[in-house]
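Labels run A, B, C, D and E following the written order; every chain starts at residue 1.
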Amino acid sequence: MTMFKSMSKSARSTFTTYAMVVVAYVIVQILANGGMITNSLTGQLVPICAYICLAVSLNLVVGISGELSLGHAGFMSVGAFAGVVAAACFSSSVPNDALRLILSIAVGGGCAAIAGFVVGIPVMRLHGDYLAIVTLAFGEIIKNIMNNLYVGLDSAGLHFSMTDANSLGMSGGTILINGPQGAVGIEKLSTFFAGFILVIFCLFVVLNLIHSRSGRAIMAVRDNRIAAESVGINVTKYRLMAFVISAALAGMAGALYAMNYSSIVPKKFDFNTSILILVFVVLGGMGNIRGSVISATILTILPEMLRAISDYRMLIYAIVLILVMLVSNNPTLKGAWANLRSRLRGRRGRPKVAAAEAAGDAPEGGDSDE
Amino acid sequence: SGSSSSSSSSSDSGSTATFKLGGIGPVTGAAAIYGTACKNGAQIAVDEIKAAGGDVIFDFNFQDDEHDPEKSVNAYNNLKDWGMQILTGPTTTAPCVAVSAETNSDNMFELTPSASSTDVIGGQPDADGNVSTPRKSNVFQMCFTDPNQGTASAKYIKEQSLGTKIAIIYNNSDTYSTGIFKKFTSEAQAQGLEIVSTTSFTDDTATDFSVQLNDAKNNGADLLFIPIYYTPASLILKQADTMGYKPKFFGVDGLDGLLTLEGFDTSLAEGVMLLTPFTADATDSATQSFVSTYKKDYDGTPNQFAADSYDCVYAIKQAIEKAGITADMTYTDICDKLVAAFTASDFKFDGLTGTGMTWSDTGEVSKDPKGMVIKDGAYVSM
Amino acid sequence: MSMLNVDDISVYYGNIRAVKGISFTVEEGEIVTLVGANGAGKSTTLNTIAGLLKPKHGRVEFEGENLASAKAHDIVRKGIALCPEGRRVFLQMSVRENLEMGAFTRDDSEAKETIETVFERFPRLKERENQSAGTLSGGEQQMLAMGRALMSKPRLLMLDEPSMGLAPILVEEIFDIIDELHKSGTTVLLVEQNAQMALSIADRAYVLETGTVSMSGTAAELANDDRVRKAYLGG
Amino acid sequence: MSRVSEALKPNTKMVPLPSDYIVPERDVNEIPVLECRHLGIDFGGLHAVEDFNLTVGKTEIAGLIGPNGAGKTTVFNLLTKVYAPTRGTIMLDGQDTAGMSISRASQAGIARTFQNIRLFSSLSVEDNVRIGLHNQVHCGMMPGIFRTPRYWKSEREFHEKSLELLDVFDMSSYAGITAGSLPYGAQRRLEIVRALATNPKLLLLDEPAAGMNPSETADLMQNILKIRDQFKISVMLIEHDMDLVMGICEGIAVLNYGKIIAKGTPEQIQENPQVIEAYLGKSREA
Amino acid sequence: MDFLTNLINGISLGSIYAIIALGYTMVYGIAKMLNFAHGDVIMVGAYICFCAMGYLGLSPILAVLLSIVGCTVLGIVIERLAYKPLRNAPSLDVLITAIGVSYFLENAALLIWKSDPKSFTSVVDLPSLSLFDGQLVISGVTMVTVLACVVIMIALTTFTTKSKQGKAMRACSEDQGAARLMGINVDSTISLTFAIGSGLAAIAGVLLCSAYPTLTPTTGLMPGIKAFVAAVLGGIGSIPGAVLGGVLLGIIEIFAKAYIGTQMSDAVVFAVLIIALLIKPSGLLGKQIKEKV
């Protein structure tokens, strides 16, 4: 506890985030071993992990880099299908399941990163809502391409076609991606443990990035582009960096997701899924990584919890969404919450800098944490 | 939900305990019509069976999947928590493919009313004769498989010489539609039919069909094959009419529902042909009583999804009775016995969607498609 | 009865109390100035009077009427105008349109005449009449903001740092204009960093410190007060 | 306010110089920090800046004044490459800056503050300075993510250097505070610190004293002098506060309608009738 | 002739996008929010009209009027309940709320009108125009839609640039605080914006369903997104831009299907959009607002 107290504010927050994820994992594992969790929850563990990764990665673009992206599912899709193809290709050469999963996730991430780079170059010329529209457009283009993509594997290697399965020119072998029918017969390699590791990996990448020179440059561009340029930051480079890393992580999450189901279809990765991920990010708080983790978890479980009210389920979900936004932006409640927090902090013996600052006095003691 | 559970009937003879029957399908979102129809159809069967008071009665629980494979698997797990012993569903193909993998590994008996892709049952060869997904021995279909419909349609068109120059409009973002389309084209070639125009659309562009229709018209197509659902089909009929293009229209089971579309000008559908196992205005008493109950309970006309789903429940009931299954068995035991019952050579089922239906161990149903043509706003056998 | 009576108001931003019980009055026909360091709460006070912020405690009375329930747009109609800190002109509208917006509460035909008088006061604005306000220089925008506030022909004009960022010659001009307005009967409540100028023109003044009134008196008294000289007049 | 001590002025050989030096006496052999020739920019039909010729020597404090809308900020924008000039050249320490981006110009040694404060307001004070140090301390993306020893070394360097810089303005006690919540005056100072962190040769200050009261302004003047002495850089500032301009600038250029109308020492400028007419106003005459 | 036919079809589809985009751009330009629920208001408008004609037996004109009134009220209610409390919230929070409203409307419609589609009876009873011996057919709905589109565009442009209320809207769009100081009632101005936007949505819904007559609770979704794209393509907040963007999008969509192929037409449409935005980063008729440094 003393060690915890002596950490800097950001280090403490980072630590809390990791600790939260690890503790949640351990609790779920213990409960699962005791047979104490439902099939329903068990079935959602891997998708929850995937959504956490997606939310965290999108937060890098939306919260940290400050660009509204409406096509995140596109990168998830690229990663998912690339991962599935990779897993099939490695099936004979890499007999170890875990290793094959890792390789497939890496391939998924890599392909999504390439897609992110290709998409990012034109996108980075735009700003604000125009950028949002172009990401939406790319998401739709990726979906349309996936709907027409046929991939087969036979002894001669991989075959690709954009017209139909017959034109793959296969001799024996299997069709891995079959246009709108997607990929079927996927080997279910993903496990909750793998999902947990991927979540930790995403947190590791994003949190470390934020607290590094590159991450600060990304945030500087968000806060004030012209000022960032004027201190010598290459704006395009850092916006692109955030975009590509985010795409790569989304691709990894996509691969994890795909290999949790025996089949996936391109339609799954549409605009609605992009929006869903965006909802996680906004509800969790822009730039708030821990918030993304929590909201992705809760919002994935929520519709399942609401099954009891059947017909009114989605209606209630919509109302919950609206109410959360209204409540979290209510000035009275916000003030009360801030009060509570500062009181809690005061009890912990933290200097209450903010208040003193607001009054315009210089603080007496130093407050440098590091 | 549709759980009309009244578990008060826990009499001492174990055989009258209720079976927990689960159903899955979209009741919200864009595909909600199909799931809702399945839910209602099954519910009617469950209620009838209960009212009849036999030994086999069901407790029915239908869960929404929003036409999303992930949600569908969630719904399946949720039903398992409820204690489901038999599954009828999911309604739509992509979710069903995902769920069938789960039921297969759990060994839960699954009979889908309407998911028609061969990926659902597995074990079917693709175009090259490869089997990409092994047979899921616990999964059966009540509807025709997509290739089946494609083949049957091409054959039918050839046999009846319905058209010489054929145009196709299919839904490129839909598994069902592409599945039929693919098989149809290869079978048409084999039959020597000439396909002059092939165009597609996606769920996102399912409003304007002028380009597709123009293409068909300009290539002189005299028969338009539309392996799609009736909602976009109604738009195609309307737009063809507006542009004064009058080919023959030929559709598959997805087209059923066209005539009962509220507000639809049925004269537009005059002469439309379709292969479907069920029509709501069939004159047999079973169909008529089903239709009138459906109208009474759900304020609408049942389509083929509802009928398939209704049949599913009765088929399961018949198999349970035949195999002497009791509700206190575990779902795996039930599954093994049901599989045996369904594939038994002497198992024949008469339902709304066909008579003398049998199932092979591939999971496919064998029933006769009925060629129907719309005349004076009603279906008439061809 | 005073024209404006601010009685013990407290204003919060979230849970930060920016104004902690300020009271003062403005009589009809006066120029009253509020001086104080950065963050003392001057702008917050003006924004509260204009109705953009609501006091948590205390009351603001204009001509005997409590403004507690009045919305910002009602307050304009009652004859109070605020030329806000940081100009806040409508960047995408032309100079003329900005001025027209200033006369939103008034008749269009009357507004036309007022625009001409504003153009006479600020010929630079006339030159830029159809340019969009966003491309004006800082000083030009300040002139526009002031011109816009005059458009509603207010009886109480509140100016929040009108000389900020202006060339010396314009600062003089602004103060000349304030003087003129005063002579023509407009009551002025002025907030200024340039305390020297402000005190030289005002009748009375209040000194604000971290959200409270620390001193008050006639402008001349305060201008000669040692503490004020030291803190705000640079010597 | 005390005049700049003679000792601070470069004690090189004084020779008559080309007319575009603001300060009349400069060493011609030394490469000036900034040299603008026939610089101009049009916005539509408006010649916002025209035929702007100016030379700023090393360690000089130059003032740029003029009525509102004269084009002063536009000149800064041209120098820092926010706008591309329609005409003319800008030489920075002997290097032509044509075609440079804003960030390249910064790397070439020009730093600025803004008329409307532009801080990274959601980040801490220290982070603002660290971002200023972006091109002074290096650590790539991968070492940053995987926290190699190089990362820790660079972070230490960032920390030390930024505190050092904040100390110049007595701001190190603010290090952990969010920049947006700083009092106004402190925000202005932080902007200057951040600009200094880019290790410039020439620092441009756009109305640094705006919104400050006289005592704050006096502090600011001391600080500007201190910066120049400590970092040996040139400073060019725009300001409407004549106490400040006349107090610390060694040379002043006056801009009106985009053209330079006068150049010279504060004394010369104060007496220039054209400047009085256009800018200073009558009260300054006395 | 083929080309002409495609062009006409493109304009016909595009003018529907354009009308939806007009409503979008109104709300977007003035309240500065992406009202993702706009598409769903369209759907509600079409349902009201459908019910009015089908169940109440009203004449098409009355049904359309009822639908406009209904949607206007709905728009104001949504604004008051869901968006007004978020006036000072970050724009993405408002976006999420709009998505919530969209889900809400969709699911409420599903409960009220059930999932089975309705076939909409066209409110336009004009004969088709047949040119070149019937080789080129322009339907009555197309003509009405194009006309409505132009009329609405002109009316809205005049309203926002000339009328006092219109100018108040523009002022609110820039700086609500400053607008208050001008004596503008910001709340009622924004309500008015929503009222107009929703009224337009009703018209759009009726015309959309008259041209493409299936009506389900998700009918408004795709046209809504397409119209949003059209509004951005034309330049956010620009009224003529919305029309131009909508019509162009329609034409591109039809041409892409006709000359490039139906399978990849979505990709082509969006690719054209991207290229257009790269060439003109603020939309075709959007003003390039450079931040003054």
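Methods note: contacts are C-beta pairs under 8 Å (C-beta built on N, C-alpha and C of every residue); 3 or more make two chains touch, one makes a residue touch a chain.
What you see is a predicted model; the values in this text were computed from it and never measured.
A.B. asks: Enumerate, in label order, the chains that touch chain A and chain D alike.
C.D. replies: Where chain A and chain D share a partner, that partner set is C, E.
A.B. asks: Treat each pair of touching chains as one step and give the shortest count from chain C to chain D.
C.D. replies: 1
A.B. asks: Tell me which chain's centre, taken as the mean of its C-alpha atoms, is farthest from chain D.
C.D. replies: Looking at centroid distances, B is the chain farthest away.
A.B. asks: Looking at C-alpha means, what's the farthest chain from chain C?
C.D. replies: The most remote chain is B.
A.B. asks: Measure off the straight-line distance from the CA centroid of chain B to the CA centroid of chain D, and report it in whole Å.
C.D. replies: Computed value for the inter-centroid distance: 75 Å.
A.B. asks: With chain centres defined as C-alpha means, what is the inter-centre distance between chain D and chain E in Å?
C.D. replies: 50
A.B. asks: Averaged over CA atoms, how far is the centre of chain B from the centre of chain C? Could you give it in whole Å?
C.D. replies: 74
A.B. asks: Which positions in chain B are in touch with at least two other chains?
C.D. replies: Residue numbers touching two or more other chains: 27-28, 172, 202-204.
A.B. asks: Where in chain D do residues touch two or more of the other chains?
C.D. replies: Correct list: 73, 82, 114, 183.
A.B. asks: Two-or-more-chain contact residues of chain C, please, as numbers and ranges.
C.D. replies: Where chain C meets two or more other chains at a single residue, that happens at 37-39, 135.
A.B. asks: Can you list every touching chain pair?
C.D. replies: A-B, A-C, A-D, A-E, B-E, C-D, C-E, D-E
A.B. asks: For chain E, which residues are in contact with chain D within the complex?
C.D. replies: 293
A.B. asks: Residue numbers of chain E touching chain B in their complex, please.
C.D. replies: By the definition above, chain E touches chain B via 2, 5-6, 9, 12-13, 50, 54, 107, 110, 114-121, 128, 134, 137, 139, 212-214, 216-218, 221-223, 253-254, 257-258, 262-263, 265-266.
A.B. asks: Under the stated contact criterion, what part of chain C meets chain D in this complex?
C.D. replies: Going by the criterion above, the answer is residues 37-39, 124, 135-140, 142-143, 161, 164-173, 193, 195-196, 230-235.
A.B. asks: Report the residues of chain D in contact with chain C in the complex, numbered from low to high.
C.D. replies: 43, 65-70, 73, 115-116, 183-185, 207, 210-218, 240, 242-243, 278-284
A.B. asks: Across the complex, what residues on chain D touch chain A?
C.D. replies: Going by the criterion above, the answer is residues 80, 82, 101-104, 106-107, 111-112, 114, 118-123, 126-127, 130-132, 134-135, 137-141, 143-147, 151, 154-155, 158-159, 163, 172-177, 181-183, 194-195, 197-198.
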